[in-house]
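Shared between the two complexes below is chain A, which pairs with chain B and chain C, respectively.
Coming up: the complex of A and B.
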């Protein structure tokens, strides 16, 4: 017997373009997609040094110049170009957030699947640990880890990543538990399929949506947390620019030079909205009944 | 009635114990020994014997379970250790900082719940109308604009344009000068309440929308009870479980946010204590403050769990 004989709604996979168009036709999903592409393009520009000026070039323009054709987002107190700095900082923030989500997504999803799929003490033990970790608010957890590890790109990513593991465990375990009891998985068990096959062919494709949605939402939280850590001066050390640090530095300048506060803040907000909304859109697109708008 | 309560409290205690273990593991076992780190550059100047003596003083030489239990033992006796940077007992530092954070937490929770429940109810009563759009817009704002941006904007523009910055005179206690104290705590609390309110607003809106469609709510309207009684008894009280649950989750966000907001508004609470102790690598303080935050979160959520029996008569019957 092949998988073709399984119920059609389980095995058929809609084409990728149809899926993207469903995200696009969701109001928030469309905004999310557009913003996410903007953020990605900005980060790539920052990453590849395709910025209008070298980000740390002192005196690229006059000191605290307001936005103009030469400096679209103005300059800071050292005459550095704000646009170039924002782009570079955005790349760093996104790098940390992506690494963090990779850590929490992989560890958390595996643990969640195991907790839902393997009955008895291993599952119970995983949930107990997840509950304990869940009791420590994410940013505090990240702060405690940063205080032990120190601050750097990888350290921040680990701190934020570990903090979000329990959410993935919880979110993934629920659907796995109910899938385990679903008729088509029972049928597979009765037919004597090996566990590996049940896991990869039956369960995993059906929790992929949940994992994708959670990945997008966690990305938004991780971006906000990274900005928060670097605002507190616990982000990657100088000369690495970071958005939170730019906001923190602007405190004394903002009353005279609003652009030093506005644009780094705007970058954080757009990035957070992008992945929050993209998560909404993905959820709607994965929902076969089209219940969530 | 009593047995579930005992079970709930027991599970709270095991979670607390687990948090103790996690905090211990993070701060003692991760690379970057805090003792050596606290010595900074001086570590290189000390002889091997001196380093060993210091390790012995802090109990580094003991086996790991030994260290854990002696730490646990002294904590149960109210001894949280001594700050490495100020040489004051950690319990003194926390004792003076905790009331500030508590006041901030209470005020921002109240503001957040008022904003969230208010806009959530209004939005759900007028779905897809302008009232709803205002609430939804506010929710997106609260969820995507980090508290440090709101705080920085408030501080910069209120201070520079309106010359209003109540914290500039230094912090005063609630009982020394209540009026000034409330002003000092209000802005940070307002800053935090946007994020809390946004999440509560979304939950309230979804819950009330769902309840509105149920038969008993339609019947109530059909038999012509007053609008106020409908909104209060049939909608609000039934949405209360969802609202309370979300408020408990937001309490965690609040504790994390307090760290950042206390830093911006120069409030001498335990969040600010945490930041200064992390920068100074003052690990006895970091350890205790993290524990207090986690304990607060666990206790609040246990209380919320227990409160369900008061809110929802259906949970009482089992």
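Coming up: the complex of A and C.
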């Protein structure tokens, strides 16, 4: 009998192709990865105060100096170095966005798994709550929560995080539902595997990719939402400036000092694109057809 | 007569949807499977074949009836014990394998979960691959790196890993290329010659069933309408439905001229409440068939048929 349709030298030994290399070989994934690393490095620099100048130092240069060798992104109306400020603001924005995604990812994924795996009223109840949350636009919802809770870093993160819970619930529940009906899970039941084993060994590994992709995409949205909130003055209070606040503060200066507006805006755009594209790359990398070869 | 390893008695399965629509997928099916034998179950789609399969392997509980394995009621067995006795092979080999699990890991999971061949799992995995005639190098492949036939071999190996008494094969060749079907059929026959195992082979295709089966049961709308040995059912079909199925098998010989028959009308959408289920499609229908439903009765030497006409013919030689 011919079972040897494929050449013998293919995949004869276990070879776990590095996950990151699969992201790298995806066009958008590569762009996302490069930008994401840049964003991360930038915010680490901002976080650890490894900025060219102390971000809040007044008169680090002359007032509203255009970009130069001394101040790569120019200075603002108080003579503060824009690059240093962007880096610090990036760290604040990213901190809020990461915290928000952690909140929505953990709560949403667990709720989604429960809703998909436990039939009957618990699942239905979770979905109805998610539907109600889903009906309210995320930014509006975040606005309401920030107005109610206050506007610290954690408050902003909670506001944005809760707004994105229903998306995770929906995105995770769908695959869990269909996987539980999949033949290979049925085969597991016929083999006597208990539900716990089916969930952790067969269902979850197959939704991990979905969750990772959604995390990356939500991170992009959360960055935009955080920028939006702080642009509206609902971000963390001074002196913790975030990117949205910088944009908001520099709108009146933009006509004679474009750099004060352009660079914080650019940072927002790059950060959002980075995680959006990275999500794309992750999607490709998690495809089981990419395994092994 | 060999021992009976599986006996199903009056198995019934009723599905009720929220719209109060009731579907009787199985309406009192009784069957016997002998040790080391193959029972072929044939019938068109929707006749309850797959429901029967799911019920036997414990994916669903029957609404009525009992199934016994070697004298023990299946409903009292726990999942692990039941799994050791009866296994299922699905129609679509790809969807029945976890896409993220290498062949080796899928097989090893079965062995470690059931604590079989502890310490010698790798050796056993190779034995299993040999049993399904699949090269050992396929052990480290993912399902998407296998052809349909290879994937189905893996699914069969996984079912055999627990050393079951019975394997239910639910249309195991239907999703495969025609060229691969014979390979899988021959493989199944080959396995049965090497180890003691009983099959329930479910198919809509009589030409597949005839190659593997010792006994054959023909199902129609949730009931068995004819059952018996291979010779009885296929060489002398008594029920008009079996005859129609047999005549639908293409003969691979262009010189054979067969009488063209109009295809029997599709089953009435409204369920038949009186008389024989097959009355609307039956070429032999009589007034009695419209009034009284025939029972599955013996017409000689274990050949059972549910048809008034066939039963009368048997009585009057």
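Here is the rule we use: the second predicted complex is superposed on the first by the 267 of 293 C-alpha atoms of A that agree within 3 Å, B and C clash if a C-alpha of one lies under 4 Å from a C-alpha of the other, contacts with A are read in each partner's own complex, and residues count from 1 in each chain.
Just so it is clear, contacts are C-beta pairs under 8 Å (C-beta built on N, C-alpha and C of every residue); 3 or more make two chains touch, one makes a residue touch a chain.
Computed from a predicted model, the values in this text were never measured in an experiment.
After overlaying the two complexes on the shared chain, residue contacts for A:191 are found with chain C alone; chain B is out of touch. When the shared chain is aligned, chain C comes close enough to touch A:182, but chain B does not.
In the superposed model, A:98 lies in contact with neither chain B nor chain C. Contacts of A:110 after superposition: neither chain B nor chain C is touched.
In the superposed model, A:40 makes contact with neither chain B nor chain C. When the two structures are aligned on the shared chain, A:204 is found in touch with neither chain B nor chain C. Touched by chain B in one complex and by chain C in the other is not one residue of chain A. Chain A meets chain C in the complex at residues 1-6, 8, 10-14, 182-184, 186-187, 189-194, 197, 201-202, 205-206, 288-289, 291-293.
Per the touch definition, chain A reaches chain B in the complex via residues 128-129, 131-133, 135-140, 143-150, 220, 224, 227-228, 231-234, 244, 247-248, 250-251, 254-255, 261, 265, 268-269, 272-273, 276.
On the side of chain B, the complex with chain A involves touching residues 15-16, 18-19, 21-23, 26-27, 30-32, 34, 140, 143-149, 152-153, 155-157, 159-161, 252-253, 255-257, 259-260, 263, 274-275, 277-279, 281, 283, 286, 290, 293-294, 297-298, 301. Residues of chain C that touch chain A in their complex: 57-59, 79-84, 87-88, 90, 92, 95-102, 109-110, 113-114, 133-135, 137-138, 140-142, 144-145, 147, 149-150, 153, 155, 158, 162, 183, 186-187.
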